[in-house]
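These notes open a run of structures that come right after.
Note that chain A is present in both complexes that follow, paired respectively with chain B and with chain C.
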Partner chain A sequence: MSARTEAWPDTYGAEARPRMGFFTDTSVCIGCKACEVACKEWNLVPEDGLVWSGESFDNTSALGANSWRHVAFVEQTTPLRVDGDGADGEGEEPFRWLMSSDVCKHCTESACLNVCPTGAIFRTELGTVVVQEDVCNGCGYCVPACPFGVLDRRELPAPDRGGRADGRVWKCTLCYDRTREGMTPACAQACPTESIQYGPLDELRERAAGRLDKVVADGFAGARLYGDDPGDGVGGFGAFFLLLDEPETYGLPPQPRDSTRDLGGMWRTAAVAGAALLAGLGAAFLAGRDGAGS
Partner chain B sequence: MGSNMAEAHPVGFQWVMEARERGADVIHVDPRFSRTSAMATRYVRTRAGTDVAFLGGIIRYILEHGREFREYVLNYTNAPVVIDEGYQDTEDLDGLFSGWDRKRGSYDTSTWQYAGMEVHASAGQRELGANQGEGAGHGGHGAGLSHGEPPEVDLTLEHPRCVYQILKRHYARYTPELVEEVCGVPREAFVEVAEALCQNSGRERTSSIVYSVGWTQHTTGVQYIRSAAIIQLLLGNVGRPGGGIMALRGHSSIQGSTDIPTLYNILPGYIPMPHAHAHDNLGQFVEMNTSPSGFWGNMTAYTVSLLKAWWGSRATPENDFCFDYLPRITGDHSIYPTVMGMLDGSVKGFLVVGQNPAVGSANSGLHRRAMANLDWLVVRDFVETESAAFWYDSPEVESGELDPAAIGTEVFFLPAAAHTEKDGSFTNTQRLLQWHHKAVEPKGDCRSDLWFYYHLGRLIREKLADSEEERDRPVKELSWHYPTAGEIADPNAEAVLREINGWDANDDALSSYLDLKDDGSTACGCWIYCGCFADETNQPARRTPASEQSWVAPEWAWAWPANRRILYNRASADPEGKPWSERKRYVWWDEGEGRWTGEDVPDFQPDKRPDYRPPDGAKAQDAIAGNHPFIMQPDGRGWLFVPAGIVDGPLPTHYEPDESPHTNPLYAQEANPARQRFRRPLNERNPRGDRYPYVFTTYRLTEHHTAGGMSRFVPYLSELQPAMFCEVSPELARERGLAHGGWATVVTARAEIEARVVVTERMAPVAIEGDVVHQIGLPYHWGSRGLTTGDSANDLLEAVLDPNVHIQESKVATCDIRPGRRSRGSGRAVPR
Partner chain C sequence: MTDPAYYGRPIVKPPVWKREIGWYLFTGGLAGASATMAAMARASGNPVLARRAALVATAAVNVSPALLVKDLGRPERFLNMMRVFKPSSPMNLGSWVLLGSGTATTGATLLDLAGIAPRTRAVLEAIAGVAGLPLSVYTAVLLGDTANPAWHEGRRDLPFLFAAGAAASAGAAGVLATPPEHAGPARRAMLLGTVGSQVAETVMERRIGAVARAYATGEAGRYRRTARILDGAGLALSLARGRRVRRLGAGLLLAGAAASRFAVFKAGFQAAEDPRYLLETQQDGRRQGVGAGR
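Now for the complex of A and B:
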């Protein structure tokens, strides 16, 4: 584990607050996209292209520098409930339409934060992961580090850069400016069905466990929690989900992992390779000394 | 049904989700699998335009299996009332009711009346009572109520001409098999829905029906809603918590736009507009348009108070309270005939305020061409919509059919202020008036509608100041003084609200419409809103949180009338005044106090005993018995059978839509005989047959708003749905060679439009009469302007209307579809 994530919350001392996060319960998402719009309005995120994707009702397609909430739509010929009743016409193929609002996971072990060379990405006193836009130099190291593909550089012209491309990385701040004042993030505030819930992470995890029980009892096929387990590859998500199918269905990685966990091992491997290389060179040098060319 | 509530009302839909979480069965019956279907516990696919058959099937199911709430039906509905012996049903006349006049294209409704008594309608086409001339009005009421009941009533429900028996005969053939044949709904699925509804109704449980324009925008739209009314009355679901019929209004304040109407045929509070040559004075007007019994019996008080609000001290008993100053109508002045008038040159000018008919109206191309024929046009909106820009940016200009240089219309575009830039109220789908406060000043020249109309009136009155003309007096003598404030002289919206509420002779704000007088001592701009400013307090501005009040939440905003949250709530108690069950208690009679009481404002005279039986000759609300909750009706009963007020039938009947690939299996009469058509070039109906073999339906998406003025110009909304598309099933895609993500052109006799293709299993064919019907989905938001542009689905539609309320049939029509983009420029296919 990296030194940076180990230090939180200790580094905050008296300012440390309970860790806050999102629980996104996709079983009650109605696909209205109020979360996408509220986020953009509050955070002044630019419009992300008027491009029709043809991917069901999803024209946002993915999270990125200019889309910090993304509602996915998945059409399946599967019944919504295990007894086959509901969400299908009698005599028709079973059918369901899954909807889910995706967001930055604010990982416990956050690879983006770990690889950021400038310290632009930091962990707040609320445990959330934020990019400081006045520090970020657009190097882009964080972009491949994120196992979810959340981070992305903004190519649009920046207002303060004379028309040149912004180049910096932008992502969900979990509305840091709102939450440090005790307010609810914009997306959670706007969500009409409370699909997006904001609160202390341990409370959300407890609530989600109970909710999963109810959803399963109500017969929703394939219901599961995603990102609630502190033992997973990123130490558990700060923004976790209740899904109605495998993560892959929603375009999410089934076993996300903080790649910097392997850093120690990578150095060791590199050291072994280097030593092997030197040994090989040494052997070749010694062998070649009384050979050809004399 | 007839609703996509999750997409069109996402915020309101949270309560449906809440109910679902608590175990409610949420059933969605619709031609398309929408986001609402995705949330439902049960989805049933049906053929567009056949809901009356489906609902009729439910009515038959209820009656066949004896599932009606008998005690409720007997006492609270007109089931036991005997109908005129001249009445003949669609079962007798192969799809027509008695009284059809083929030449006039309308019904003489006198044989639909109660036996021995003529009842007036409490709603609907009341002003036409003046023109029917068959004894409706002119004091020819026949007998009045006898001890609060119509003259012929059979409480055993066995008389062959009682409503109950007529209902049974009328719906006898609406079997599950018929529903399968007409709607394409497998009979088992239909029976499951009927059974679920029956099981969840009665003393202990109630069910609610929700609808929107998927029901109203049909040539039989009113009959769709009537079908639901019959079901809910039979099941005892009206006036009870968790029951009722909820009409989801499609705008934040469109309920308000009918309450304080922008409709040609009604005055505030649903008082009818007077007819020229028919209503010579106020007394005659009232007599011809109201009923001596029921709360409409106070129409004089409501009307006089309105006239006092408008003409103030000028309105006196001597001049009939300026009743003569009210404009008169001479017929149907609704939007479609008016647009025909523009095309024919009889209508010269048009004010378009917060509306975009160039995209939103049926046969929108006809509307654009009509506007090109005007002398002048004023458009008030946030952005230069298609209606404002038609003269240089439209499909007709693109194709060369219209030349901007040749269009003589003088167009004025006046920018409008948004709701955040002005004080005012919204009246929503629950009759709730909610105040909103100005947050910022409008920019530049943007002004509110209140500012516009007030100052328009002021300027007109200044110009007329020296006029001696008789015809100018109504405008000159209006009471038109509202306080204004600020640099732009914005009228005080609260002052207007107070005038709507009204005041008494001492200029104290009134508390209740019961206090309205017919002697000119009270003024009130809208009787159903009386009380919204009681105690000199802006009641709609109240925002007491739910946690600080009862579950009915009477202190959040204000509902009309009288802050009553459920109408007809006396029906939540039995004839003796006891709640039907503890679980569903809502309003009840307190014998000790001698008053009605409960969770809500009782919708009944507070001290009227349940055992009150009116003496003969009693008037207005005093003529209503203590066991009849439907106090607006002349007999206090809920009308299963409607003897007056509806022009195309006292009972709903399945008719095919105006355009349909199928014949009516029930009757020789195919479509609604009374539907309103405009037979003229550019508005021709698709012929039957292979040329237009498919059905299409138009609808909304969450991401856009109606005709697009409020969404297609906004980047954050436009990017969510950035292109016009059509939805087709994989089967139809194969049949017509349509590729997902490609283009398709949809064609009718009126127009052809292009759209991106979405091939999805959310669309599926339905099996009808051994045939397969393919249905195509078309969102109707797009037009030529804004950040996201596209063709307008409504260009495809014929303008053909429901005859009661003149609403267009935009939810079902026929078409063809082919792959590829449409023709362009001078090669553009011009409608035949």
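Now for the complex of A and C:
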């Protein structure tokens, strides 16, 4: 067993604890949505409308300020396995139903945390990423910055604001109030099939690699891990997945990237543009110096 | 026939910013380049243009924070922008630049109008002139530092587009506010900036490939076409004879600079709402990236 990755020891020193996260194994998800319900109940996430989407069994539709777990349902006319298992009988069209409980990825390199201008978004001693709701001023920068479209501003009326919109940004806290006390997050606690597993990230990655081998050996050709690689564009996810198809099938970006990685280059470009502005304005003044005017 | 991604739903979230932010992209550039122009006018012995450009800068730099605060989900928490100094957040750095630029610009103008403390005024003018450069271009970095396909793919070109647009708008406002015999440098800045802005936009649209469609279609495309018509007509009138015709030309170019900013602003919404934009930027190299199948 490898030594456990301590969560940001540079920041937390002796307080740093093993980095905790989720492994969501979608191959055993049954689409019961217990995770969505448990999350809403525990975190007092408000109801934001009961709308029929017409998209399989999914009326939640996306992660957002009021949905911190979202179970995706994908109906495909594809055999479940390479050996064709999954068709009900001779002559029937092959069919498979993919389900996946999506959640905030708690990225190693979090764009939302990096761009947050107030410091409202912070890294916990468990390595998770949390919005402090008493600090967030609802600037909305993290919303387009997140490569996964996780965060959103809550426009529902806030009870303490006389019916005015809440106005702050909300997302999964990985149940910080529970996990800091050593408890399991509500969604993982409620999951009846252990599709959602919570634990030290190192252990989860090892377990996931073994699980992937088994699933592939069982004939699920499209199976893959998503977000387990520290070499990816966000330095690996704190909450990663075993998927049975390409990420975009589930509404996930194929190559997520923390745009902060490009920030140095962007500032250099901006410095050149600023110098060009200075030169252009200077030229506008120098051009008239010989008295030619215009 | 099948929807792109997950039922055609966005992968990254569309921005939550309202029109105020589109206007700020304009007023920030107007304020910044006007302050730089004012400092240059003072240095080159053109006190008339110096004062008028400083008045334009003062007006624009004071409207700007009002626009930004109004857009916050929690406007009463606007000072939280100043509770940290955070180089990884362009919005945080921009808030500090805006605070410094606004203080220096407003202070210099008040001292100038009161006719007191000329040395302090000169120092503040110089600070405002220097701060005007980052104020003119940082918003391009702010937009580029997101996962939004239109803005992130445009990150190499947006700073030049914004710098040129800032020169165009400051020049046009200077022409409108200043008697023609003193407005020569403003006029040249306006013409140079307008041409530069069109060039930068064209270069960007060629460089960003398929994502350019987000700038060319829908509401963004309407703003872009409007900006082109305003710029074309404004240039023609500005080069014609007659004071009134030329002033009208400057007014059209000022409006063109604003329309150009709104084209960029709206392109971000369109690029997020249709997941195909993001997939076009991420699927090419997927085999090497996150989510590569086994």
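Just so it is clear, the second predicted complex is superposed on the first by the 265 of 294 C-alpha atoms of A that agree within 3 Å, B and C clash if a C-alpha of one lies under 4 Å from a C-alpha of the other, contacts with A are read in each partner's own complex, and residues count from 1 in each chain.
Keep this in mind: a residue touches a chain if its C-beta (ideal position, glycine included) is under 8 Å from a C-beta of that chain, and two chains touch if they have at least 3 such contacts.
Here the structure is a predicted model, which is why all the values come from computation and not from measurement.
Once the two complexes are laid over each other on the shared chain, residue contacts for A:A287 go to chain C alone; chain B is not touched. Which of chain B and chain C touches more residues of chain A is settled by the count: it is C.
Of the two partner chains placed around the shared chain by superposition, chain C is the only one that A:P144 touches, whereas chain B remains out of contact.
Contacts of A:C136 after superposition: chain C is touched, whereas chain B is not reached. When the shared chain is aligned, chain B comes close enough to touch A:C32, but chain C does not. Judged by the touch definition given at the top, the superposed model places A:G264 against neither chain B nor chain C.
In the superposition on chain A, contact is made by A:Q255 with chain C only, not with chain B. By the touch criterion defined above, A:G222 lies against chain C but remains apart from chain B after alignment on the C-alpha atoms of chain A. When the two structures are aligned on the shared chain, A:L243 is found in touch with chain C, with no touch to chain B. With both structures placed on the common chain, the touch criterion links A:F57 to chain B but leaves chain C unconnected. Taken together, the two complexes place no residue of chain A in contact with both chain B and chain C. Against chain A, in their complex, chain C makes its touches with residues 4-7, 9-17, 33, 36-37, 40-41, 44, 71-75, 77-78, 80-81, 83-84, 86, 88-92, 95, 133-134, 136-138, 140-142, 144-148, 151-152, 155-156, 159-160, 162-164, 166-167, 171, 181, 184-189, 192-193, 196, 268, 272, 275, 278-279, 282-283, 285-286, 289-294.
On the chain A side of its complex with chain C, the touching residues are 53, 55, 61-62, 64, 72, 74, 111, 114-120, 135-141, 143-154, 165-169, 212, 216, 221-224, 226-227, 229, 232-233, 243, 246-257, 259-260, 262-263, 265-267, 269-270, 272-278, 280-285, 287-289, 293-294. Chain A meets chain B in the complex at residues 28, 30-34, 36-37, 40-41, 47-52, 54, 56-57, 59-60, 75, 77, 80-81, 85-93, 95-97, 99, 192-194. The touching residues of chain B, when paired with chain A in their complex, are 6-7, 10-11, 13-14, 17, 21, 33, 35, 37-45, 185-186, 188-189, 192, 701-703, 715-723, 725, 740-741, 756, 758, 760-762, 764, 787-788.
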